[in-house]
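As written, the chains take the letters A, B, C and D, and residue 1 is the first residue of each chain.
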Amino acid sequence: MGEQKTVEDFANWLRDLAVTLHENAAYLTELDSAIGDADHGTNMDRGFTAIVAVLDETTFESVDELLKKAGMTLVSKVGGASGPLYGTFFLRFGTALAGAEITPASVGAALKAGIGGILTRGKPELGDKTMYDAWAPALEAYDGAVAGGSDLGGALAAAAEAAAKGRDATIPLVARKGRASYLGERSAGHQDPGATSTTLLLESAARTLA
Amino acid sequence: MGFMKKLINDPADVVSEALRGMEAAHPDHIRVDHENRIVYRKDAPKAGKVGLISGGGSGHEPMHGGFVGLGMLDAACAGEVFTSPVPDQMMAATKEVDAGAGVLHIVKNYTGDVMNFEMAAELAAAEAGTEVLSVVTDDDVAVQDSLYTAGRRGVGVTVLLEKLVGAAAEEGRPLQEIADLAKRINDNGRSMGMALTSCTVPAAGKPTFELAENEMEVGIGIHGEPGRQRLPLAPAKDIAALLVDPVVGDLPYQQGDTVIAFMNGMGGTPLIELYLMYNEVRQLLDRAGITVARSLVGNYITSLEMAGCSVTLLKVDDELVRLWDAPVNTPGLRWRA
Amino acid sequence: MGFMKKLINDPADVVSEALRGMEAAHPDHIRVDHENRIVYRKDAPKAGKVGLISGGGSGHEPMHGGFVGLGMLDAACAGEVFTSPVPDQMMAATKEVDAGAGVLHIVKNYTGDVMNFEMAAELAAAEAGTEVLSVVTDDDVAVQDSLYTAGRRGVGVTVLLEKLVGAAAEEGRPLQEIADLAKRINDNGRSMGMALTSCTVPAAGKPTFELAENEMEVGIGIHGEPGRQRLPLAPAKDIAALLVDPVVGDLPYQQGDTVIAFMNGMGGTPLIELYLMYNEVRQLLDRAGITVARSLVGNYITSLEMAGCSVTLLKVDDELVRLWDAPVNTPGLRWRA
Amino acid sequence: MGEQKTVEDFANWLRDLAVTLHENAAYLTELDSAIGDADHGTNMDRGFTAIVAVLDETTFESVDELLKKAGMTLVSKVGGASGPLYGTFFLRFGTALAGAEITPASVGAALKAGIGGILTRGKPELGDKTMYDAWAPALEAYDGAVAGGSDLGGALAAAAEAAAKGRDATIPLVARKGRASYLGERSAGHQDPGATSTTLLLESAARTLA
């Protein structure tokens, strides 16, 4: 439980996430059909299938190398909006953990760095109806849990729960970023696909890094 | 997964197999890097010439691969269907077509395209020292423009811009001039599209949206996304007004202006209907006092098998008309060559 | 009448309005006699040149009007949708393009087309003394050929023939030679088509046939008529074999032959699928030992908004390849001009 | 009844036929959809609408002029297979009546001439599943009725009845001429559109020239 997490644990997270995204590919694409271009599930599935292929081939010495490679793989294989966004997230998440011990605090700082990457690339603001609407409350909840003494698993569980709330909160929003913004008022009433995949990512992390 | 009325094998192979067919069909124009999914002008790089690169999701054929060749693009990067290509592709293309005069990236304004091209430009500049400038097209008046949004989509103007800037690059003009020209063209073009039917992304397996038999979508883009408005089906005359009015109403058209008029099909609409629509569009332009210098009618920037059309107007001066008339020799657009 | 997903006004006006749009779009190539619905090459008649005329029902665009211009047709007569034009049209066109060297009628083998062109040729010869020869194309291997039937349909070969014979006429060759060449081209070409969807004749208001979502029609023509066989949907690879095998199996192809390969879309199938199909076709031809000298991929002889495709192979020698490469400048096909 | 028929009577026939074809246009097109290209109703309707326009504008001195003009109008306005076939029928039907008195026998000879025109143009044989499968038995029945002493109306009624039987008999046939021949075996089980319009033509004649 409270033990130091290893490269294997993070690799297992990525493998679990790949399975989850594969299982949810049709669902994510369906959400993207309503207010986008019907590819978010395929995009995420393609990216994480590629990550699993890398994991099968390569042995990683450190968590940061693993995560940076995951980010580079997403950048190279996904395309669309989600490729650079999730790719940059993992690149910066990994970079922040370079040389660091894996602690609730260091992971929190890395999450923040990763989300910073999303902000740099996509310039989302809260309420724009994007994945950031899941990431922002997740980070806040994570930090709060750590401040309250949670271990990594607990903090990730709190983050996942907050992400899910943020994801649900995207439903009534009128999109201002991403493809959904082209629909104007018609984007209201639909859940953002990226906020949904972000929630799956954090739920998987809470499951596998507990 | 339901049935798809498509001539395909495995949905995952659509783009790579189509690129093989394209290469087989146009051996005089192009060569294809299949690993990176890049369509190159056969004789790229052209010494002394600014390299022109575009790219984007697949499903818009002939754009962009069909616009590679003399007087147009040097390379086109093909993404998955409706998914922007990845930076590795643009980087490889940038290095390959750089002939010392720098490279222009022609990017349609979609979050994914913009981000992927940006990453590629940063990396290409850092790695190879190639000078890269970018132009982002955003001509779709269906989308409200605002500082706080993703802005307007890049649609029909992209085709015209690739032709015009391609002609200018062929003349050996320097990168900055080419980029300025591109910017000016984008600023002077406006588009608006509509759909009679949805389309099906092969990997998704079913139509992106459902449309009743008496409905149409107005204000659509080129990715099968729903439009701004769902309206009852209407005669061509009324549809033409729905498209032309917001285009003409937006800056910068006024009585006495001269334009290139582009009547584009979305992929599933046959030419007979596009010509019929163009007849309506011309009557509206006549009434608005806008002179058409050149016309382009056909399926050039498409959305898979979607039925529908878009209208693009580009305000032109004599120089742009001259560049339009200059030789072009690509799979999709060809004249005087 | 149900709803039609078409960009049209009154179904009765489709052809005349489309001709107006076509004229507006191609002022450099064509002029249109709207009363007679004839598309003329802008500079017809060309002194000393054999006049080339084709025509047929509308709904096959760009054929035939889109093939009027330098190096191809001098005039095209447009009938109602899927209905052969009337003798008055062919007569008027024949008189107009006759420059003293006689006129060739290029007729697709349909009972209506053949009869109407025959009446026109008789009348034109009688009235104006114009020498008229005819060639009838009948390349569709889906149809059993027999002395006791209407024979095979004229389909894809018609496009290739108009291009090749157009180039020969441009060289100033005499009528009989042109007619013989046309006959030889027809004899060396074979086609086969299939449909993923039906199409709707505007005046009829509903699809000509119904096709379930898991079905396709194989052996269709270009008039929305049902095909020889209804089969379950299949991957592109299998569809390619269904089209290529009967074409190659029919005379006159054999190992070592060189062909022009023409992958045609029926109107509603986007280019990405046609390229993908062409990749399959090329693999089959490679395996059969048939060399492809030239390729044509796109929507050239269509059936309104029908989704589907056809494959045409034309056995060629060096002379035909040279004629294929010769300049052509029409709305629908253009190169080296 | 047995009176000599005038130009007006024949004009009334054409007008009645125009109404009939207009009313049956969708039906004829539907038949043509099954084994053809979905235009037979539109073609016939367009042709006879044009004939009515001519009738409204022109006064004809003789039956043969009227019928020849009808034929020329069909040739000029219809196109397709039915334009030359029905056009030639009316041209030769009219030509055969030039200078002749309108009697059951002269009309019979003219019918034969008209059908001869169809044979010249289309080269149909009995059983090819074309309009000729209605015309051939109609002519035979007409001649038989005249030989049996029928007046014009009676002979036309007999012709119409035989045409209807010929029309019905096209249903099981495999087409050898016209577009339906492209379907091969699949053409069986469908009624020929041209045989159907021929029957309407003769029924209208029997109605208006009785």
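Here is the rule we go by: a residue touches a chain if its C-beta (ideal position, glycine included) is under 8 Å from a C-beta of that chain, and two chains touch if they have at least 3 such contacts.
Nothing here was measured: the structure is a model prediction, and the numbers come from that model.
A.B. asks: Supply the minimal count of touching-chain steps required to go from chain A to chain D.
C.D. replies: Graph distance in the chain contact network comes out at 3.
A.B. asks: Based on mean C-alpha positions, I'd like to know which chain lies farthest from chain B.
C.D. replies: The most distant chain relative to chain B turns out to be D.
A.B. asks: Based only on mean CA positions, could you tell me how far chain A sits from chain B in angstrom?
C.D. replies: Chain A and chain B have C-alpha centres separated by 32 Å.
A.B. asks: Centroid from C-alpha atoms only, then distance chain A to chain C, rounded to Å. What do you get?
C.D. replies: 54
A.B. asks: Need the CA-centroid distance for the pair chain B / chain C, whole Å please.
C.D. replies: 29
A.B. asks: Quick check on chain B: which residues sit in contact with 2+ other chains?
C.D. replies: none
A.B. asks: How are the chains arranged in terms of who touches whom: line, ring, star, complete or other?
C.D. replies: The chain contacts form an open line.
A.B. asks: Given the complex with chain A, which residues does chain B contribute to the contact?
C.D. replies: 57, 79-88, 110-112, 115-116, 119, 142-144, 146, 148-150, 153, 201, 203-204, 206, 208-209, 221, 223-228
A.B. asks: Within the complex, which stretch of chain C touches chain B?
C.D. replies: 2-3, 5-10, 14-15, 17-22, 24-27, 58-59, 61-62, 66, 196-197, 213-214, 233, 235-237, 239, 263, 267-280, 282, 292, 295-297, 299, 302, 304-305, 307-309, 329, 334-337
A.B. asks: Show which residues of chain A lie in contact with chain B when the two form their complex.
C.D. replies: 29, 33-39, 41-43, 46, 75-85, 121-122, 125, 176-179, 181-184, 186
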